[in-house]
Each structure stands twice: as structure tokens, then as C-alpha cells.
């Protein structure tokens, strides 16, 4: 349903970049969940990115919880997270509002909304709208943690630079939590930062890949048709601005393998069924098999660049030149990481509640 | 909702490999759509694959339309497609039913359904359940064609073998329609067939990638958040057994590009807004921009192989050996192509109806 | 979603009166539920009504379960119930198909489907389409019974004739199960049968009210806003052909009461919270309070009568006379009772699964 | 889905009586709809009721539109309506919070949310939560008016006092718009006001019935199964606190009629198909027939009364006495009228968009 996602645990998103406020409503929340406002604030802060890269718009991003929480615990009724827009400079858009920024949604917004869209700062398409997803996601992350389910994401590649793979999940996840630039190998991290810096110097931008692992998911969650773990996660993850690919386990690498290589053999280990390899990313037939979930996201480079670009004026239907000014990040992948973890957590809570009811999380 | 997909044009799937019948219910169908039973039959035939590869189970797969069609046109009420299972050999499953076939859903089904699943031939997880999707998809493909929207998919890679890219969309799509082994380059096609044959000889199997193009989609279709074209398509496509990756436009290739390379510049061409490149696959901000939709799927190798594999008996919780016997295909990617086109068509019809109402297709 | 109802336990209905088959798909079913085919058959038989009244269309109404049941238990995957249409007399509809039968949906179907509807025997609007609801409902009734939840419905009034109220719920429910004419007071039952007979003699028809009680529902089921017990039940019940009113507890009677009379006071009884009266029908704030659910349905008289009626031809847009011929019941209220119980059971299973997960019913 | 209603045009509700704010998110809104903030404010004012009756809580109820509106028109993205709670007296609830007020949801909230509900002022169950529904409904009413669709509701009965029936729809609807006590007959209005006053004097409360008419609805809107006009409207209307009965056309009166009386004969009038009577309330087979929609609601008396009542303490599980203090209305039916019109408008917009797409309303 358009701006709502989820079956039993749903998020409804609202807001525009330069409107009064942005926010979301989380429904289907179990009652009695402790709300850790400090953790929400910490996630909001992490989403803002590294100040050396993201010199851009600085908002306080104070999350107000308007409903559904009483005496610091969820009541079981809808939780509305709201963030007021403060820094909405009354910039003059008259010269650029009809120019389609390449890689952006200006032209498609015009075609979808017939000229009535709020064009200021990308409006409803702005990356800023991910802020309430991060707020709601923080609650979902807490819910999962309380059941021993942990999520970790690193930048697995950027340009030609590769991060090392996960080695010890628990340690790596812990390390990533503390990093605003989530790269496991220190050397790769420094190289990526330099790569971003050089792109900025050229007025250009960079993308990359994000690799996520989720540990502690019980087996038997997900549905064989349509509401598979892959289908549900990808539906949410592709909403994140800039995500253009989602793959599970070895993903596109599986396409070049033989069945005898790709199949994950099973063995009994410590009394439980365990897959010896995890090429399928913890999912068979759309359902978790108890192994860590593993997936990878392709993040395209930020479309806002300072180089001159060819485009059109979609009102006059004439060719035009575009030179974007103002505040823009040469990289958003480290910020997209926080959003990806949030959407992952929200989706997994939904799948767990679909399978086990709200009781899974307590009351 | 579990076995239902779609917002306004929905498919509800049912059936098990060795049950009485499989089928699906298509709801939200505009009234007055002509039903081309010969085209449905042709798609069903194409889904069966190439006889030289797929020596496997041969079913007549006669599609019965139980409802929603009158005097050869849709009535606007739910269309139930049903296919009776005929060739359900009363094989003895007693030795293997508790062994988790690697890469299959036997173990996850046990964890999901608590031992009550129909284990015969993969039950509800069987690739056979895609047959009704192809029947419903054939109707959706006809609906799209009537509005000038065409879908073409080829096997873009298999092992180290690459097919050529699309050159002339209209001609290539037309060529692919006639091919049961959908490879554009004749040489690559022969190599892929030989590659499959050699895998078969070893008792092994192969995967590959599928590349799809959709021409004729109007601009302005899709939603910015959650029900983006990417989110909706991936949700459906990941349901297809064996699909482990979905990417749009240049997909994972975008991750290594700079913004200045990745952005698709716009120009006015023949009086319409046109993107000069199509790195974003015809989608900006989740909404179609009028360019061809382009996406790629990773298809893992068929998990059923004849080589001996390590596994477990999930009832006795002991390690076990497995040697699969019976009928299995060394490749299903050319068959998955038909399913992918069907799911694509069903999803695009849904998105078009969400945007323009059922009137888009006539009544 | 049009022909689907339910949130977590959903029914998707298909079929036309004179098509190949009618049926429904039940999804979200817990696995491991025993399927009592004899009970399903008994409910189907009860739905056919009393032969002395319903001399009409006689179908075998053999329910085929196409999927989702294995070794007599639900597998947890969608259950498709199908009933083939046998007695579809190739009657000539050419004279009447464009005449709007008063009280029927012929004209609205024309407006909704633009002339493509299957007009034979009422098509998708036929009361016959309730047969699959009764089949699915029988499974839901069994599920509820296994948890001590029982449903009983009687004809509380017809014309000026009133049945007595429920006295002993358990005994009355048991008595009603055995009755094809569900009237508690024997004298009222005889009077109602005579009243129906006299209407038939005049070529006319009768309606009435149905009063339902559900015992054993746990407290705490339902949602405050929108998915209240009243909202969910009424949504389903108004789908039953001929239902034009739904009220809970004292219903319209509450409108004339004072708050001091209408409020149900609470007392502790046998260690549990108990309402001293049940004017609110077991529901406060949309949520069950542990008292019996009580509601009443208004059933309009069967619109098919033999008297000559004024109408129009909606193709020629001219006034016309109509004399309906063929097989029609002077009363369907005793048959609607079976459908009402089925829809009630399906909805309550959905509400219970929303609240407690599928585990409420076992696995 | 719990706190969301609608298929294509959806409302998601949030908030508690004494929380920070209450509100709702309206999604699926066509773009380009003019927003009449004065009309929204007028509806909010009307919802507050007559000051002589409702001496109760007085809030400014200033509606803030946080998103989805730009330059006074809808953008096509979600519209969030928010109302801050100002007058949330820090009353001491410690003595009464575990006492189940008869007719209220205190006990069912405890059973549903396990003790974590916000009990202050009824929390999420408070009638106050209807305020955002009225705000969103005002937009829906404007949308309908722009297409010539008008809604009028009067108090058709209270105690033994009856209002006259609708006579001239257009005039009566117009008259009702101007009335805070919506009774057509002046004498009946005065009697009802006196009746309320006498109930107040006794510390008691009154209910009544509301009768609604909707003119201008096109024929062919609604679905035969499940999403019938009756099913959709009743689902929403039963969410309104105090509504315990919904009936269409002659409603429960139909139960005592013969088919020959109940059937609405058709005639051609001014070139269109017209029903001579409107016993079916403008709906046949769940679909509008072009006649005015007519339905009636049973509103129970306000459960908050000042008389001493028997109840229980659901924490100590002991019997208790209750004497409610504080601010309460002896009648809310005239306020419920505004909510009923709002829910009706929201539901009809959904049904119209389901049938004709968002284009029905312009863009």
C-alpha cells in the first residue's frame, strides 16, 4: 500500500524535505517494549554521517514520539515518530524547479504528480525522509537485540577498494556499531575516505556495496511464496534512495557456480542442524534455516554532483544545462548503512510477528 | 499477505507438487479483456523447457479457467486458473522424507510447518507451483501487449559464457519469443547448451543470469516509498525458486562508478524527455521515467544433483548421506525465464492499475 | 482487497453460478489442523435448506480440497476448496438478460462490469457463491470448537412471528445444530414454516432476523480502531446476499436507553471478571470482554418472486415488465444462517490469529 | 490492518487522549486537490458539540498539516494531520486506573495490552481520537463535493422522540450543515435538547439513532464480495465509539416485509435508470445503483455517567464501587454525527478511487 510496508508490523511514512515535519507511524507493536531514547538518538546521529564528508544540511533531528509510548514502554498502539524540519532555507527554486536533475526523481515526480509535487529539496523523494525510518528502526533493532538477534553492515566495496569479509560475526558486528565509517579493514577504510575526498575535489560522487549479516534468527521464519525473506527484505531495501541491487548469500556469484558447489550441505553440530557453507545466505525456499542471514546491496553514487550536466526543462520541453549548487555529500553509502539496518530490522520484526505472534517479543 | 501478491491486481497461489491440483486466483482484473487460450497454452509449453534438457516430469499442464471468463472475455470477477496434477507417481518417500536435500527447502519446511508439510516432490515449494503463475502471467502479458508494452528476457550469462547485450529491443524481443533457449547470440547459445550437457554428464547442474527489458512503459508509474517499481518487482521475482539476486539498470556495476558516469542525462528527443543513457534501468526515485525498464536476475544452479551429498536426517537428528534419484533438470534457467516474464507482467499490470485504474486496459 | 477478506487468515472467493466451478482459497491456516470432511459435507447439506421450502436447484455440492491438506491435516499452505457446477441448465437467457430484476444486482453488475459480467443465474452475485464460504467456514468452526468456542444462530423473527430468546446457551446451541429450520421455540418454528408456505402460495417471499451467540471467546481480542470485532464481523457479514443490518448486543435498542441502563456492570464471579448484563454484546471498545458475543442480522426477503414487477431494460433503456420463472426459494434465511455462522467463524479465527498467532490453534 | 483502513485511499490513526499529540496519515490522495483549511477548522468546531451540552474538555484542536500539502494543494504524497494535546490535566489516576468503568474499554484494554496501555482519559480508546478522523474526513468531504456528492446526517431518534424523515434531500442536507444539533424538525430538536438536559440533571446520559443520506454517488461503485459498499462502510462506522448497529435502506424493517414490498422496482426517468423506492438504500449486490445511499446508525448512550456503579478492580480482582467525576457529556450523538460523516466520506473516496482511479478527482 504505497507509503505503508509490512503485514503485521507496519510502517507508514510521511513528509517532505522542506515541509513542517517528517515522520512515520509504526503499528502492530507489541506492548511492553522498553523504549531506549538514547539509542534512537545515537542512531539518528549515526545516520547524519561523518562531518568531514557530510558538510551538508545539519538538522538537530530530534525525534518526538507523539503516541504509543507510556512510562517509557510501548502501549501496543501506534507509535508516531516525528521530526520537525528546522533548517529549511527559503532558497529560491524558481530557476531550477523545472530542470530534471540527472539521477534524481524530479522528472518522474512531475509525471507521477502532475506538477503538484513539493519540489523543494527533493520533497517526498529526499533522502531526509529516511530519518523517521531510522527512528522506527532503532526500536526494531532493540526488539531484535532483546531476542539475541544482531545486525551488522559494512561497506564491502567502493570503486576498486574492497573491505575484508566478515570473520568473527559477533566481534565484527560489535566493531561496526562503533564506526561511523563502517569498514572492517583499517587500511581499506582509509583508502575509501581518500577516494571520497578525491571525488569531492572533482565535484563528483561515489557509490559502493554494503554487505549485511544478521545473526541469531531462528529457523522457520518466512513464507514460500511472495512473502519470502528475500521478497520481503528486498521490497523494503529497494525503497532506500540509491539502492539498485539486492542479492542474498553468494548472490550473482551463484550464477557462475555448479550445483555441487552452490548447495550448502547440512551437518549436525552441537545438536542442531547446521549448514556447512552459507552460499544461500541463511534462506532456503524463502524461509530462514537458522544460519546467519547474509545479503549485499548495490548503492549507486550520489546523483548530486557539481559538474555541469545536460538535462531538460520539463515545463518548456527544451534542453538545458544544469550546475547544481548548495550542500551535497560526495558519498552517502555510510549513511545508507544505517537506513539499511533499520529497514532490515523493521522487516525481520514483521516476519517474526507473522510467524510467532507479538508474544515472541514479550507480551 | 503470505500467498497473495499485489495491491490492486492480485494473485493468490495454491497447490502442492503431488496434490490434486495447483492453481491461482487473479483478482482485480479489468472486465472485457480478451482471453487468448492458445497463448496461455504456448506459454505453458515454453515453461516446460527444452526436451533435450528437461527429460523430467512431463505433465499435460492443461490450464482450466474455472471462473471470471465468459464468452472469451474477462468478466471483472476473480479468474481461477487450475491445473490438475496427473503424473504424481506414487513413489515411496519413506527413506528420504526426513533427509534435508541441500539447497532445497526440506529442512526449512519442517521448521516452518512443524512436520505437517506435504513432502512429496517438494510439496508447496516445488518449481511446479510456478505453472499457474505462468498461466496468469500470460493474461497479464496480453494485457500489456494490447497497450504496446513488451517484455523480453535472455540468458545473459551461464558459467563463463556471456550472451551479447540487447541491441535492437523490438527485434531482440521478437526473436526471444520464438526461442525455447533464450540466448541472443547463436554461438553463445550453442556453448551454453554444451555446458549444460557436460554438467548433466557429471550429475551436476548450472545456473546463470537473466537480463530483462520492458519497452513501452509510460512514465510516472510506481511509488516513491515502499511500492517503488524496484521494490514491487523484486518482491515478486524473489519468489521464483532459485532467484538469489535482483538488480536494476547497471545494478552492482553502479557501485564502482562515479556520479558523473552513473547519472543518466536527459535530452528532448522527438518531442519527449529521453535519457541519453539508461544506467538507472528506466526508474528514478522508484518511478518509471519512460525509458525501457532493465533488470538482471541471478539464478542459482538447480539444487537437485546426482552427486552424493552430506546432509542430516532432521527427525533423528543424525548425519546422513544423500543420493538423489529420479527426474531432475541440469538447468532450469531457460524455464525460469518464462516465470520471470510472467511475474514481471503481473507486477506491471498491478502498478499500472494502481496509477491509472482498470480503465487503462479498456473498461 | 475486493474478493479477499481477512488480515492473517484470509479467504479469496471465486466463481459464477453457471461457470465451471466455484471455490475459495483459505490462506494463513495453522498447520496440523485435523480436517473433518464429514462435518464439511454436513454443513454443505445444511446450507441447501429444507427440501420442502427449497425445491430449487439441487447440486451434489461435493467439496474437493485441491491443496493444503495432507494425510487429513492442514499443511499450513493455502487450502483451495472447489465445487464443480453440475446443474447448469443451458436455459435461454436472451429474453431476460438485459432486464434488471428488482432487488437483484443485474443493473449494478452492468454498471460495474460494463456488460461483460456473466449474467447467467446471477453470475458472481449468486447466492450459490456462498457454498465455498460454508466449506471454508466448516474448517474454521472446527478450529474454534477445538478451543471451546461455539457458535449458535436462530431465526429470531420473521414477519410478526418472534422466536424465544436464548436461555441456556450451551443447550440452545446444541439444539440449533440439529435443526435445518433453526428456531428455538417449536410453536414459532411451525408458524414460520406456515408463513413461508403462504408467501410461496402468493408467489412472494419472506425475510427475517438472525440472532447469533458465540460462547468461549477469550477476552482481549480485537482492535480499538478499524479492526474492532464489530468492524471485522460486519465487513464479512454484509457480504452475505440479503443482509442489510448488523447490530451488536442490544443494538438499535441501545439507542432508546439511558447510560445507567445500557452500561454492563462488572462483578467478580468464580474468580473472573464478569459483566452482569450483556447489552454491549461481549465487546467494549472493539475488544472482546470474555462475555458471549451477541449480534443480530437483518435478512431481507428473497428478491426472486413470481409476481409481475415493473423494471427496465438497461440496454434499450426502456421500461419493461418482468415475470420471473424457474426455481426460487420463498425464504433463504435458514440457509443464510449457515453462511452467517461460517463467516463469523472465519472472522473470529482471523482475529484470534491476529492476537495470539497461529499457535493459538496448536502448531 | 489494525489502525489503518482503506484499500487505495487509506487512513492510519495514532494517538492517546493524554499523550503529546493525536493524528492520522492519509495516503493515496490524488494530487492537486485544494485544501480548505477553513472548512477543516469548521468541522473540528462542529465536532466539539454544543457548548450547553458539552461543558467538558475544551481544546483548541488546531489541526497542523505536517506533510502532503504544498501551496494549498495536495501533492499526492501522504498527508499527516496532527493535533497537539494541550488540556491534559495532570489528574491523579491512582485511585481509579484499575477500576473497569462499565461500558468503557478499561478492562478490555487491560486484557489486550497486558497492563501497558495509557489509561489516562481512555488513552487510545478516547473519543478524542476521532478528531483527526474529522480533519481527514473534511478533506474527503471536499473531494466528494467537488464531484457533486453530498452527505447529510440527522438524529433520527432519541429516547421516544423521533425526527421527521428526509423530505427534500438537497435542502435538508443544506439545513443540516448549519446545525450543531442536527435535527430536521424544530420541535423534535427542542424535545431532544430537553431530554438531554433532564438526563444530565440525573447524572445520566442518552443515545439515539443517526440517519444518513448520500446523494450524487455514481452507479457501479463497490464490490460484490467482501468489499461491498455495506461491508466497507460498516467496517469504518463501527470504529466510531458508541456505534452498535449499522443498517442500510429499510434495514431491520426489511426483515418484516415481503419480497413484493421490499424490492425496489426500476423505471426510466429523465433518461436514466431509477428505482421507484429506495428500500435497499441505493445498493444492490454490494454496488451502488445511482440512488441515494441511505443508512442508519445505533448510538449507545455515553457510558460516562455520574451515578454510582458496581464494577471490579481488575488488578486486585475484587468488587468495587465507582463514582465517575470530572468532565463528561450527557450526549455525544450530535458530535458522533460529524465523525460518521467523516468516516463515510473517507470510505466513499476509497471506493471511488478503487473503481475509477485517482483521476476521478482530477489529476
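When the chains are written out, they are named A, B, C and D in that same order, and each has its own residue count from 1.
One rule holds for everything that comes next: contacts are C-beta pairs under 8 Å (C-beta built on N, C-alpha and C of every residue); 3 or more make two chains touch, one makes a residue touch a chain.
Since the model is a prediction, treat every value here as computed from it, not as a measurement.
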item	value
Of all other chains, the one whose Cα centre sits farthest from chain C	A
More contacts between chains, B-D or C-D	C-D
For chain C paired with chain D, centre-to-centre distance based on mean C-alpha positions, whole Å	26
Centroid distance [mean C-alpha coordinates] between chain D and chain A, Å	39
Inter-centroid spacing, chain D versus chain B (mean Cα positions, whole Å)	46
In chain A, residues with contacts to at least two other chains	1-4, 7, 13, 77, 112, 124, 224, 354-355
In the complex with chain A, residue positions of chain C that touch it	7-8, 77, 224, 354-359
Chain A contact footprint on chain B (complex, rising order)	1-5, 7, 13, 100, 102-105, 107-109, 111-112, 124-125, 129, 157-160, 199, 204-209, 219-228, 230-232, 234-236, 238-239, 241, 243-268, 271, 273, 275-276, 279-281, 283-290, 296, 298-305, 307, 309-312, 314, 317-319, 354-355
Complex contacts: residues of chain B adjacent to chain C	1-4, 7, 10, 12-16, 19-23, 25, 27-28, 31-32, 64-68, 70, 73-80, 82, 112-118, 123-124, 363
